[in-house]
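Labels run A, B, C and D following the written order; every chain starts at residue 1.
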Amino acid sequence: MGIRLGENQYGKAEVRLVHVNRDTDVHRIKDVNVTSQLRGDLETVHTLGDNTTCLPTDTQKNTVYAKAREWGGVGAIEDFALRLARHFVGEHDYVDGARQEIHEYAWDRITTPDGPHDHAFSRRGGETRTTVVTKDAEGEWVVSGLEGLTVLKSTGSEFHGYPRTRYTTLQETTDRILATDVSARWRYVGVDHDYDAVYASVRALMLEAFANTHSLALQQSLYEMGRSVLKSHPEIAEVRFSMPNKHHFLVDLSPFGLDNPNEVFFAADRPYGKIEATVERDDAPAPGNAWKTVPGFL
Amino acid sequence: MGIRLGENQYGKAEVRLVHVNRDTDVHRIKDVNVTSQLRGDLETVHTLGDNTTCLPTDTQKNTVYAKAREWGGVGAIEDFALRLARHFVGEHDYVDGARQEIHEYAWDRITTPDGPHDHAFSRRGGETRTTVVTKDAEGEWVVSGLEGLTVLKSTGSEFHGYPRTRYTTLQETTDRILATDVSARWRYVGVDHDYDAVYASVRALMLEAFANTHSLALQQSLYEMGRSVLKSHPEIAEVRFSMPNKHHFLVDLSPFGLDNPNEVFFAADRPYGKIEATVERDDAPAPGNAWKTVPGFL
Amino acid sequence: MGIRLGENQYGKAEVRLVHVNRDTDVHRIKDVNVTSQLRGDLETVHTLGDNTTCLPTDTQKNTVYAKAREWGGVGAIEDFALRLARHFVGEHDYVDGARQEIHEYAWDRITTPDGPHDHAFSRRGGETRTTVVTKDAEGEWVVSGLEGLTVLKSTGSEFHGYPRTRYTTLQETTDRILATDVSARWRYVGVDHDYDAVYASVRALMLEAFANTHSLALQQSLYEMGRSVLKSHPEIAEVRFSMPNKHHFLVDLSPFGLDNPNEVFFAADRPYGKIEATVERDDAPAPGNAWKTVPGFL
Amino acid sequence: MGIRLGENQYGKAEVRLVHVNRDTDVHRIKDVNVTSQLRGDLETVHTLGDNTTCLPTDTQKNTVYAKAREWGGVGAIEDFALRLARHFVGEHDYVDGARQEIHEYAWDRITTPDGPHDHAFSRRGGETRTTVVTKDAEGEWVVSGLEGLTVLKSTGSEFHGYPRTRYTTLQETTDRILATDVSARWRYVGVDHDYDAVYASVRALMLEAFANTHSLALQQSLYEMGRSVLKSHPEIAEVRFSMPNKHHFLVDLSPFGLDNPNEVFFAADRPYGKIEATVERDDAPAPGNAWKTVPGFL
């Protein structure tokens, strides 16, 4: 019996970078959070503390900032992550794989009575755009997504027909509030895409499908959201969702002599439903290592 | 020497209420977080555990939900808080004061290719609207505000001319990023106002003043934001701000042979500047107990 | 009518300082979070952006680190805060007041089979120790406290005898779980104390009083905790508590043919009770400005 | 080309359960957070909203509470998770797999001058104990762990000998602070173990290895921690770690005429190093589906 090093990776997490494009007086800003991790010949780093093949995490951080300048900005986060991954793997023979994760926070230009301001912005809130790029000897993969897109339907949601057991107390309903925080990740086929355009389209399609699906189960809404994306985007092979069912319980006002015709709700925190599923093409190319280091439900 | 009970209050915190207005098929929703606290003759509750004068916090919670139904909805959070305060003080002779704090989260109607949806919404993110209503034997006060309005200027901000001491290392600058999360509270004169309209106007004025002030200090931006609000809103006596200076440090790229003409920044977390100030009218009525139980910097 | 600057203060928040005492091979560490704020002649900083009297927040940060070295460590956080306040007010004629808030995180020495380790530590978790020192032309005040001391009694707590109204649904109980996160602040009389010893004693007295009080209301437990502290500590004038009632609801298992003799509970998040009160000496000296800038319920 | 449902699971997350053992007057409490998820024949739930095979998440929640009563308590979280998984899969023919994740929060009995108290407790803080049990047609797997064990060495850590590139600015050091939050998961061989005893031992071994390893890289400390566990615990096949390098930067006090012999440090938040690795036996049985739904770095 022996003990050995298994899979591993290391790097610098949450490198907060804001880039200001000042090409004209009308500035544009890009606000991202980069986590760079590398793989390679790291056996003796772990077993002996020999750092000969360990590109410091501090150097990874410096590289992120330097490249944002060298490359004239960040661009689509998928493209920036791909270029970083290629740089790290291409420049150092002791690095044979890279995982670059980037989160992007959106800002809106402030509008005053004089019109859109040249260089003043307010943070949008709402969802975060994400990407994880994996590169190794076998290929390159891009998995993009969004987190924290909170949506709610005040009607158009039912839940009934489920099995009843010894432990069932839930009442069936033909009209409830349906609310969730959409977290989704989609795997691209290939790496050359207009990522910004696809992101905007995917987000809009998800919102539309959520809104227009008369829902008999949150699973059904989820599936329709994935299906809608895949129908319009051949460059996407699959979508993985993790969506809480954020319960809004109708408050029983009858002790106070009041009815409650689906008007007054208690928005609960915990526990919550947790619905996770993949919607995929039946002819999609194999995922390879796309999901190997992507946290998720599968 | 004796030991005694001093100031006190109690209640139910964070009653999460979502109200759906279904007057027409085009639903409207209101998403609020209510903290109800009461004051009164509570000496023996504390010293003996005698609950004769202790309206349970559970009952306060029930009241919030019941009143949302009885009153046909929530309306402006200030009005809802005032009505709750009057109910609690008016109905129970052992209650002589109330503090009702409400936070409101904004939602946007989802727009699909078919237009605005009747009953599907996405949470806006961005700032939270707040109010604290205080009512006691001496009067009623309304202090409203906002939290978490994150703004940034990519230029138009300088910082220099400060005293230099033994512990000074900061370099002067005539061009920096200025970023902050605006937290503000404003005290109303009187209690009859179109609170929704004032809120929208105050928010817009703050954004405009932040954007248009060429800033020599974050304090100056803060002051202009307060001044702009007071100039347009005679019903507001004072504005109190607490604003972090969210440092964005220019990254030194010279070790890599690169310049950095205010393009690449590190967005730091801690420490941060913390700027707090009141902007007020010199002829405003005295605050009375408006701020007595309002957490803030003063 | 004119608009003017009201009360204000500014500084650097959350300066994270870890000091290692290496006087012997048995190291000691001190882990604190310092927020320094100053007051003074800051009118034109706000109105004109004239920083002549604005000691930069960056300089305040530098001072915290430098003084930790000059003074050979941090010592009791109250003493460090007092010395910082005196430094800032004493050294700069444009500074006439200071507020120094410090939070301290406790660490335990790691014990191995060889005994306590010389220089390895694990963070204790549990409560944070706090202090706020205020200094101005009128005096010096020390308010210390603790946050996040979570305690629970699995019996020995009742709640009944409260008024019943139209909105009452709560059932009376003679046996419930009582749980809370203790947040407390106590005001010292004078500024020369063995703060570390008092802190340890206050903490122990609060735990003992919470444990040994057969509770008819959370207010009663709170009061006994404060009374116990004041009885033993003449140097403390008052204690202010803010304590959530963290509800643990007995789960109704009767639909499953099961009883539940106070064994299975649902630990709820929101809403929660919120109990706030002061316990004080009737002959305590006036608080002066001790609480002027201390966030709290009063 | 067709679109189809891929991998999926659903359930109730964060069921907060506190169990009080009242067998004697000396109560014992167990505080856990259960996330139950099921797999099975869920195609038409997603595609049609047909819930015939969808055991409601509400029923899963009820089951957790009922079983805590039926089984006379929770016991080791691994055993409770295994029993829940077997119940869900065994009782319902439309359920063919279960994932049960449990987090446990530790409490200490309060000690007063009269000794340990019968029924009063304080929450310990520090790390959370975790387990994820996966059960499907192929078998049962237990992966346990801990999160949030924060440790620090004030000396006995070096970092040098790393490659220098165009983007290197880091200085080598032979004496630095090493600090991390240990997150670890270990996979058991088989499912019959004294889980409580193993947990206590693993935790102690990790602390000892962290303390006693003279570290040339955080990777080396990690590896020694894993190796120490595997050497003593044949029932563990592998340990996976994710450990931030929580940077403590030596403050440059030279501008103030002060030296800083490794005494005054700035504890930084972001970015941080992120070190992830597996330490495993070379003859361990294959993991099967143990890690299939366990979030982690691999």
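The criterion applied here is as follows: a residue touches a chain if its C-beta (ideal position, glycine included) is under 8 Å from a C-beta of that chain, and two chains touch if they have at least 3 such contacts.
Quick caveat, the model's predicted, so the values are computed rather than measured.
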**Complete:** Per the touch definition, the chains contacting both subunit C and subunit D are A, B
**Item:** Rounded Å distance between subunit A and subunit D, as computed from the means of their C-alpha atoms
**Value:** 23
**Request:** Report the inter-chain centroid distance for subunit B and subunit D in whole angstrom, where each centroid is the mean of the CA atoms.
**Result:** 38
**Fill in**
Rounded to the nearest Å, the gap separating the Cα centres of subunit A and subunit B is 30
**Message:** Going by the contact rule already set, what residues in subunit B reach two or more other chains?
**Reply:** 16, 62, 66, 167, 169, 255-256, 269-270
**Message:** Please classify the inter-chain touch graph. Allowed labels: line, ring, star, complete, other.
**Reply:** complete
**Request:** Mind listing the subunit B positions that touch subunit C in their complex?
**Result:** 1-16, 35, 37, 42, 45-59, 61-63, 66, 91-92, 94, 158-163, 165, 167-170, 215-217, 219-220, 222-223, 226-227, 230-231, 238, 240, 244-245, 270-283, 292-293, 295-298
**Message:** Under the stated contact criterion, what part of subunit B meets subunit D in this complex?
**Reply:** 166-167, 169, 255-256, 269-270
**Item:** subunit B - residues contacting subunit A, complex
**Value:** 16-22, 27, 29, 31, 62, 65-66, 68-70, 73, 107, 110, 112-114, 117, 119-127, 149-156, 177, 207-208, 210-212, 248, 251, 253, 255-256, 258-269
